[in-house]
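Each structure below is given as structure tokens.
In what comes next, chain A is part of two complexes: it sits with chain B in the first one and with chain C in the second one.
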Partner chain A sequence: MLFRLAWATLARHRSRTLLAILGVAVSAAMLLDMVMLSSGMRESFRHLLLVRGFQLRLSPKGTLPFDTDATIADASGVIRILGGIPEIDAVSPVLGGQLHVARGATTVTAAAIGGDAAVQGDYEITEGREPVAPNELVASDDFIRAAGVRVGDTLSAAAGYDAQFRTFSGARRLALVGRAHFLYTANEQRVVALPLATLQAMQGRASHDRVSFFMVRAREGASVDSVLGRIERAVPRVSVISTEVALRQVDERLSYFRQLAFILGSVSLGVGFLLVTTLVTVSVNERLGEIVVMRAIGVARGRVVLQIVLEGTAIMLVGALAGLGLGMLTARYLNSILASFPGLPAAIDFFLFQPRDAWAALGMLVIAGILAGIYPSWRGASMPIAVTLREEAVG
Partner chain B sequence: MIVALLAAVALLQQIDSSPPHRPPRTIAVDERLAVDAGVRLGDQLIVSRAPGGDGDTVVVSAFVRRRADPSEVARAEYRVRMHLGELQSLIDYGDRVDRFALSSVTPATTDSAIRRINGTAFGFQAYRSRDIAVETSRTFLVVSRFHRAIGVITIVASAIFLLCIMLLKVDERRRDVAALRLMGISAGSITGSVMVEAAVVAVVGSGVGLALGWVSTLIINWHYRGVYRTPLAFALVTPDIALLAVTLSLVLGLLAGFAAARRLVGMPPLELLTGRHDDRRPLGVERAR
Partner chain C sequence: MSETPVVETRDVRRDYHMGEEIVHAVRGVSLEIARGDSVAIVGPSGCGKSTLLNLVGGIDRPTAGMVIVDGDRVDAMRDATATRFRLLRIGFVFQRFYLMPALSAAENVELPMAEAGMSGRKRAARARELLAYVGLAERRSHRPAQLSGGEQQRVAIARALANAPRILLADEPTGELDAKTGAEMIELLARVNRDGTTLVVVTHDEALARAARRVVHMRDGLVVDDHRQVGV
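Let's turn to the complex of A and B:
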């Protein structure tokens, strides 16, 4: 009966109810998007960092990986020291640089990653095989397209320019043995990967036995924090960055988006609350006569309140569910805008759907709907019956 | 005589072979670094290319404040300004630089200068400052597009909210409208009066919104300037933005008022009085009777 009465009241004002549901749906969509934005980047970045199982990064003291041009000297010595720590499962050295490939009168330049194919964590091979021999490399789709080459071709590549002698420096002939999907690079970035020793040799004396950073994987069951502590003690000239530290850095740099998400999410919740409060208040004012008649024939005050609260809750619930679909659509659109952020890994999602967060957002809206109905319904149900009846009857 | 000459030569050699005395070079320090590290003007610092490595002693001669550059705002790194030769020597960079900034004689000669440089350059390329600015501001174009999209969603939500409020306001005056109609007031006059009311609500609302927005910009700028330690303005209320907000609000208000008023004046006055118009189905309990 209670539900039937609430439904009848809502159905009586169809356009008003539909507009309210639409308003709540837009608020819910915005709230959902902002909840997705506030936690999405973080979770997406965490997933990216752990996708290949490396929990720790070692970079030159005071820097983040690839944040500066600084490198770690005596890389082989560091690998030896790390090899002596039994909790470490794998160490992947990475050296960054550039690779230039002459194509007619122009040069195609790509970011170059030097690593150990057996333990690398930077890319996944999509065609061909890993570059194992010193004269082999793999490349991203964008590089292959720009250079106009195919897997199996041999390229004349260089690591730099010698402006004084007007020649390329560190020139080599390299065989393209595979196509790779690079995990940490931006959209449309041209990238190649080749053996570490080859890139070091191409870069010359300045890069001899140097790397940009190491990725470290702890053994199954080993405490990552304990491994971190042991590395810090064993190699004090590097910064050891755990996934949590890296996430903190990302949080700091992208704090703007989290704060924006918080502010807009709160505004959405507030707008939804205000909308339902206004509707329920007006609805109660309009139906004062009906409400006091119900009270006069013996319907309990709590029951009247419950019926009106149910109306607000129903609007919020239906609006929130509609907002879920709308929110997913708008999140996809907004994500496509932010995905074009220069320099950001293509795999990062700003808006990541997580059921727990989505239900929390929608739950907040429904609670707001319940709260929005309580005061006006209580006020309506508490009107003096005789006086109100007389006023309503006389007009 | 010969002995004296030999002694003089030996003395000169001794003087030449002793390291020349060179006063420490000067360095300008980011004022944030100065605050965080407690550095004062005249302090002597040792700068090195790697932590704990050999370095050069320098004297802090100036503090520099970062420009309001949006592309640097999220980077919390410190900066120091050194003499070129000093930095080249410190990081073993040789006679190399990362870039040159050139000033052409007249703006008209810039293109020909770029062509000539690129025609002879090897391993480097000349760009217009404007092109570099466009490239480095891509981040902000993305943020700007994102803000615009959020703005559109907000406008949609506001429009629905406004329409809802106007519908309620007009609906609340059902009996008044019915009485006016029965007295012979035309539908156009009633619609006009509702639209005037809607316009007043929209303009007053947007005025309050502008004031709130202005206060918000003060809070946002104060907060983010503190967080990022930059003089950059993060939020601005410009006359264009204010005009757009008021115009949009007025147009939305008028449309909402018109839609709500037309809906009401389209019904017969007696139905409005009795409350039995098409949009109002009787309650379930009434049907049972």
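Let's turn to the complex of A and C:
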């Protein structure tokens, strides 16, 4: 009967109930988005870093991968040393640079990645095949579109450009053998990948046997920390960071995002709490006569409170569920805007839906709603019956 | 009619604080009401008659004195006990009906039964029976807003009788009704009393007072006259 009364009361004030549900839905959507934002980037980074199974990155001492132009010398020597560590499953060398491709009177410039096609962890082929021969490369959609080329075309490319003399250096004829989706590059960034030795040769003596960093995959079952320690001892001239360390650094760099998300999430929770408190308070004041009559005819105080709290809970539940949908929609929209954030991989999701976090946030909102309803309903149910009835009769 | 008093008040007093002033609403009333009797408490506004009714019904507590209903000290009951007492042993009818506007007539009558723990089927059957008793069998699905004042008061009486209380307390039950509907209400309350429920009404309505076997006059918080009516 209490459920029936709660439902009938909500249905009786349709407009108010609907507006309250909308208010809670907006609050829930914002809370959900903030929860998704606070953990989304981190988890998205983790997924991205581990997507190809490489748990360790080796960069020039004191730097992070692609953080500076510094390179690691004697790359083949490092590969040899790493090959001697039995817990290591694969080593993927990566050299960064640029590639200028002449197209008629114009030049299309792209970021270039030199690597070993057999163990590379930077891209996935979407059309064609890996660049295995010295004169082959694969490119991103954006590069192919900008250069107006197709898979199978041969391109005139150079690794260096002297702006003073307007001359190219390290020129080669390269065959485009594939189209690739690059995992770590920014949205709409033009990228190509070619064999490491080819890029090293095109960059000239400065890049001879040098790489920007290595990615290392430990064997299944091997302790990543133990492998990290062995590498640090074997190759002291490199910095070794694990995915966990990288994530900690990401955390530090993105701490303001989390603070923002925490503050806005708390505000959303507060707004939801105040919304329900206000709604229940107004509802209780409006129905004081009904409430004290329920008490007068013998309905227990706790049951009156329960009936009113049920109304608030129903609004919170429906609002929270509506907020879930609304939050997902707004997150998708905001993600599409933030995907073009400069310098961040396009694959990063700012708002990552994680069911456990989402349900925790929405559960928190519902609990806040229940708590918000308890005080005003208890106050209403505790009014002195005779006095309130007399005042209601006079009023 | 049994001679055992079902209601007994002993030197009951009730004071209210209104700002710094103390209002002595009831100044020491001692009264006995026999089981099955019908009593009208009359008097000018503010004389303490509604307060006395509230004290008997356990929705207010006396400042001093004792209220005994059916052998139990109502004035000494804890809140939960008093609530249960009101649910099972007292029926209340108010001047303004005070039905739950969101519920149908039948659901309003079912509300106290649900609180008492009666099963859905039983209470639906009893609500049907009670609404038929008050002449509203065909209006059971209507909401209060779809009923006239007289019909709402009939539903309120059916609700008051839901858990078969020994005593029905009515505070100005005809106060919001026109003369014709008021007369119908008086007849209905008389029938409730004839069927065994002790009836105590507070009223300004002379017709309602005339229908009671006993009339208690109050003034300034005191009983100033108490007499039985011949021929009722």
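Simple rule for what comes next: the second predicted complex is superposed on the first by the 389 of 395 C-alpha atoms of A that agree within 3 Å, B and C clash if a C-alpha of one lies under 4 Å from a C-alpha of the other, contacts with A are read in each partner's own complex, and residues count from 1 in each chain.
Following the convention adopted for this analysis, contacts are C-beta pairs under 8 Å (C-beta built on N, C-alpha and C of every residue); 3 or more make two chains touch, one makes a residue touch a chain.
What you see is a predicted model; the values in this text were computed from it and never measured.
Asker: Taking the superposition on A as described, I'd like to know which of chain B and chain C A:Thr9 touches: first, second, both or neither.
Answerer: Both chain B and chain C are touched by A:Thr9.
Asker: Once chain A of both complexes is superposed, is A:Ala296 in touch with chain B (first), chain C (second), both, or neither?
Answerer: second
Asker: Pick one for A:Leu254: touches chain B only (first), chain C only (second), both, or neither.
Answerer: Once the two structures are laid over each other on A, A:Leu254 reaches chain B alone.
Asker: Is A:Pro134 touching anything from chain B or chain C once the two structures are fitted on A? First, second, both or neither.
Answerer: Neither partner.
Asker: Does the superposition put A:Gly83 against chain B (first), chain C (second), both, or neither?
Answerer: Neither partner.
Asker: Give one of first, second, both or neither to describe whether A:Ser27 is in contact with chain B, with chain C, with both, or with none.
Answerer: First partner only, chain B.
Asker: Is A:Leu338 touching anything from chain B or chain C once the two structures are fitted on A? First, second, both or neither.
Answerer: first
Asker: Between chain B and chain C, which makes contact with more of the residues in chain A?
Answerer: After superposing on chain A, more of chain A is contacted by B.
Asker: Of the residues on chain A, which ones does chain B touch that chain C also touches?
Answerer: Overlap of chain B and chain C footprints on chain A: residues 4-5, 8-9, 11-12.
Asker: Tell me, which parts of chain A touch chain B in their complex?
Answerer: Against chain B, the touching part of chain A is residues 4-5, 7-9, 11-16, 19-20, 22-23, 26-27, 29-30, 60-62, 70, 73, 160-163, 166, 237, 252-256, 264, 268, 271, 274-275, 278-279, 282, 285-286, 330, 333-334, 337-338, 340-342.
Asker: So in the complex, the part of chain A that touches chain C is made up of which residues?
Answerer: Interface residues on the chain A side: 1-2, 4-5, 8-9, 11-12, 289-290, 293-301, 303, 384-387, 389-390, 392-393.
Asker: List the residues on chain B that touch chain A in their complex, please.
Answerer: Residues 50-52, 74-76, 121-124, 138-139, 142, 145-146, 149-150, 153-154, 156-157, 160-161, 163-165, 167-168, 171-172, 224, 227, 263, 279-285.
Asker: Spell out the residues on chain C that touch chain A in their complex, using ranges where they run on.
Answerer: Touching chain A: residues 16, 50-51, 54, 57, 59-60, 79-80, 83-88, 90, 92, 94-96, 98, 100-103, 107, 110-112, 114-116, 159-160, 163 of chain C.
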